[in-house]
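You will see chain A twice below: alongside chain B first, and alongside chain C after that.
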Partner chain A sequence: MRHPTGSNGEPAQPLIRFDKVTKKYGTLTAIQDLSLDIYPGEFFALLGPSGCGKTTLMRMIAGFEDASAGSVLLNGQDMSGVPANRREVNMMFQSYALFPHMSVEKNIAFGLKQDGWDKKATRERVDEMLSLVQMETLAGRKPHQLSGGQRQRVALARSLAKKPKVLLLDEPLGALDRKLREETQFELVDLQERLGLTFVIVTHDQEEAMTVATRIAVMKGGQLLQVDEPARIYEHPANAFIADFVGNVNMFDITIADTSGELLSCSWDNGDTPMVIRPQPEDGYSVGDQAKMVLRPEKVHITKAQPDAAHNINMAPGEIEEISYTGATSTYLVRLNSGALMRVQEANRMLLDRRELTWGDKVWLHWRAGACVTVRD
Partner chain B sequence: MHGKTSWINATSLTLGFAFFYLPLLILVVFSFNDGRLVTVWTGFSLRWYAEVLQNDEMLEAAWNTVRIAALSSTMAVILGSFAAITLVRMGRFWGRTLFAGMIFAPLVMPVVITGLSLLLLFVALDIQRGFWTIVIAHTTFNLALSAVVIASRLVSFDRSLEEAAYDLGASSFATFTQVTLPIISPAVVSAWLLSFTYSMDDLVIAAFTAGPGSTTLPMKLYSSVRLGVSPEINALSTILISVVALGICIAAYVDFRRDKNT
Partner chain C sequence: MNLRWLRRLFIAIPFFWMLLFFLVPFAFVLKISLSDAARARPPFTPQLGLEDGWSGLIDRLRQFDLESYVWISGDSLYVTSILNSLKIASVSTLLCLVFGYFVAYGMVRAPRRWRTPMLLALILPFWTSFLIRIYAWIGILKNEGFLNNLLLGLGVIDEPLIIMNTTTAVYIGIVYSYSTLMIFPLYASLERMDGTLLEAAEDLGCSRLSAFWQITFPLSLPGILAGCFLVFIPAMGEFVIPDILGGTQTVMIGKTMWIEFFSNRDWPVASALAILLLLILIGPILLFQRHHERHLGKI
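Here is the complex of A and B:
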């Protein structure tokens, strides 16, 4: 990873630091005693359901909101009292907020004009930005003459024109259709890597966060639940909320039965046979502990024939209740003989008419001990 | 609405428009009449226009009217903008409903009452009535009109535009002059034009608040009609109708452009 350590292995100086920040609106607490470091060069995502405080956090970096307690530091400097127009931070708004009475060029040049750039330098910078977002041919258009995707590009160019230390992106792709959104996500990542800037994105879309971000902070109720790389968030969620919020999941209550072997053995409320789970180093369970087992649907295999037994394989028989076909994959809802419902996702490697499985089929599910992780609550 | 207009619709439309515009049409037509009688057509002529343009009293009244209209609309638009911004932007401050009600009240108040109360005020304060008292009176009414027009524009104004400007380094003043004002300017322009036309054709308030030497065109018209209708008045009225119609058309056009652009 490009962070959070510097080249010599020392911890890098954070670019943005939230130090025990609390934000209250009247009696409502939007942010509760939150501390967070964001390092230079990161593509950092603030992810959470609406009302979790992620937008408030972003607006505090921009300077639109002040902390009720604690401090926000930019490059080690306390930002309290520094207004938004004096911060080397720019924001791309959810609505894009393009000035409707100005052409694309004038929109991009707006920030430069405020800083008193001369004509020639402004011209050059605007041209540079236009080619960065491939909008050279539409420089003279007004925003209402552009498509949604084009507006998004202009908004991006405008917020990058002043070479901010941090670019804030507030749900930047929400207004685009799915295909364009996916393309744009890759373009954003590419842009961020080429420019070497720090991007902070606010989103409620976990797929978007995982696609673009190098690190994700999952928020709920004004607090940070987990700050980690995307794969860690997905595969090693810190708690049941994150496991459920990020992606689809099967979750079962388990009781640890045996910790002596290489694998944990546990009883689960719906199964007759014990489940084996490969423990994580930080788990530290003892016999009798209660926990939740988290199993992603794509990590479960579904077959008609009973699979060969092995010490690190869990298996359970069941019956297909529901199949949802989404093109690339199919999701099966399987009622286990023990009564539990398990979600299984398989890639559609064959054409649909060649598929062996159908509604009501008796099937076997199996998953490896290493595919399961546990969370405490 | 689709399909053909039924005959009953066509008839009611024709009758309605005739009711509205036939009198005006007759007035306009007879302003080009050659004869002295207002009701007998004798031939086409522009002589009454020429006479109006040589009538110093009429011209002075017209000049008064235009100056009063321009001054009062300008003041009304400035004050109306502040009122609209306060109403739309300041959130729920104490007494907001009362404030809004008091801003909009002159619109629904009978003009006779507005005129009379202003007259009583000027008398009580011992202010010499004349040109400036009419300006003040018209500003009062136009202020309400402007505030309504501008507030309706501000309600649909995306606040993130101002935040974006501020975020890009603009001061509050630069944000207002470079972003807010240009975006609401069509509303400001149409508020000004509506105020101007209102002021142009107001008789009642002006009659209450005028003094010697500050006769406006509608007052002049009204007093001359009492002495008998002369074709000169038709000519003058036609000019007045044209000016007012032009003002309203421009206001509508500005509004139309604004809708198209956003």
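Here is the complex of A and C:
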């Protein structure tokens, strides 16, 4: 696992450490013997389907849940028994949890008031926060007078006002419409970089996790499946579940036929067509091994003419069965001659009426040996 | 066209109801309060009628005066009973609020499956007659009653507490009878509250107790106000509880009115008292209405 290093090249001290943490609710195990380090300055995403334990993990950092076994460390200190109100961690809630009887200003000042800040310092800090989220003009409003996006900004400002060591974001953008969500994702990244804080985000939206996070932990059934940078998660998934959960994917069973050359050679799809795959250093296959080939739809090309053969190009003929047009891209479902279904995504560089591909066309699919990776199981 | 008439008819029904059962009786009472007591049947003059023709009616109308009101202002008994009623109603409202808040808060905090049985337990006593429930308190509070026997038996006290026929008994009766009216609006406003607000407060450095005063309490204010009005208004005019539990010691306006009507047969003074009580209560009632409408507007 790769992680950030300190200035002198030494591994940095983790800000948050889960040390063999288990969490049980009665007979139900929400978190199973989990260890994880999160470093200062990271924008860390906990990604997984609902019920995978990601929210429980976040609530343990905040102090709303205690570990049944193992320990949670913050800045090297064991946090067990430290209540939520004494942790230098703040949380932005999924529902925003703005206090409905207080103005925007009072909401933002709430945490400062608990810490006994004087009037002047509070005033300054609140103003600073208001300008940070561009809400200066709405300081006197009550939450019910704000739009969803504005509430989200107030919630963000409130959770940042106390300069927490860690900001926890629980599905922070779930209630926003798509366009606003995308804009806000970029703003969050920008904010995190400017403030130099550590953000931990919980989300079930893999696109959101990849957009904002510097590192992602993919979870399932209370365990970590893979902790890595977004591009590694997407392009080198640790297993078939992650490959399928993160983005669209074509997955085929393969049998390794030859490992002697620069490229792995394998049989797939009833053995009709050979395929070459550029191996990863950690793969270590031997002849006869079973694996799954992972090929992202956008890495496959689709043409009417048969492409020129090359030693590192795979190709397969087929027929277009379905086309779905989503504006920027089109997705083609192509039935290969061998019977398998392949999903291909192409950018729509031409206007739709100039496109030469249509339903029922005989086409050739081709992809490079380096475009696909393999996963075991 | 037809639909518009139908709509007007529907709107007219509640107005008609109010006219028939509130405004007309109110006019009767107002008229009686301006009359003079008399040994007659009904026991006041003048009787309005057209036996002497229109000029006769006008002569009779001339007999109206404010004598009853002047009489009331001159006798400290009435002022005392009004002030006493105000005091008892206010203190009872406060007691109901404190007691009711604990109950409502406890109910909201209890496991979800307990809520329905608890709500049911609150409503069930209403299936018995109010009068019987108040009489039952005599059995509990009297000198050789259940409470005294229990305390004597436990050795907490050496001689029976005298509770019956005191103001304390009236407070107990009112709190017992009216706290349900306090608990329901409180329960509704507490139950509606989003639990993550308290987590957010705690997350921002607030202790549990402090979160209660800064978040829970202010957010339950609509419930508190509604409950206070619902208790204060009927407690102010309460007659049965002071009569049965308070004995002669407790003078309240409702009881004084009863005595004027049925013992003294001085209907004009009794009616004048009724009008005064209404004037006193109209303030809180209007406030309650306004608050209620504003609150509805928010939702």
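Operating definition for what follows: the second predicted complex is superposed on the first by the 372 of 377 C-alpha atoms of A that agree within 3 Å, B and C clash if a C-alpha of one lies under 4 Å from a C-alpha of the other, contacts with A are read in each partner's own complex, and residues count from 1 in each chain.
Simple rule for what comes next: a contact is a pair of C-beta atoms (placed from the backbone, for glycine too) under 8 Å apart; a residue touches a chain by one contact, two chains touch by 3 or more.
Keep in mind that what you see is a predicted model, and the values were worked out from it rather than measured.
Three-chain overlay on chain A, with chain B and chain C in a clash. Of the two partner chains placed around the shared chain by superposition, neither chain B nor chain C is touched by A:Gln77. When both complexes are overlaid on chain A, the residue A:Ser95 reaches chain B and chain C alike. Legend: residue contacts after superposition of the two complexes on their common chain; A:His144 is shown touching both chain B and chain C.
Within the superposed three-chain model, A:Thr326 lies out of touch with both chain B and chain C [touch as defined at top]. Once the two complexes are overlaid on the shared chain, A:Gly111 sits against chain B and chain C alike. Residue overlap on chain A between its contacts with chain B in one complex and with chain C in the other: 62-64, 83-86, 89-91, 93, 95, 97, 99-101, 110-111, 114-115, 144, 158-159, 162. The part of chain C that touches chain A in the complex is made up of residues 194, 196-197, 199-207, 210, 214-215, 218-219, 298.
Of all residues in chain B, only 158, 160-161, 163-171, 174, 178-179, 182-183, 261-262 touch chain A in the complex they form.
Per the touch definition, chain A reaches chain C in the complex via residues 62-64, 83-86, 89-91, 93, 95, 97-101, 110-111, 114-115, 144, 158-159, 162.
On the chain A side of its complex with chain B, the touching residues are 62-64, 83-86, 89-91, 93-95, 97, 99-101, 110-111, 114-115, 142, 144, 158-159, 162.
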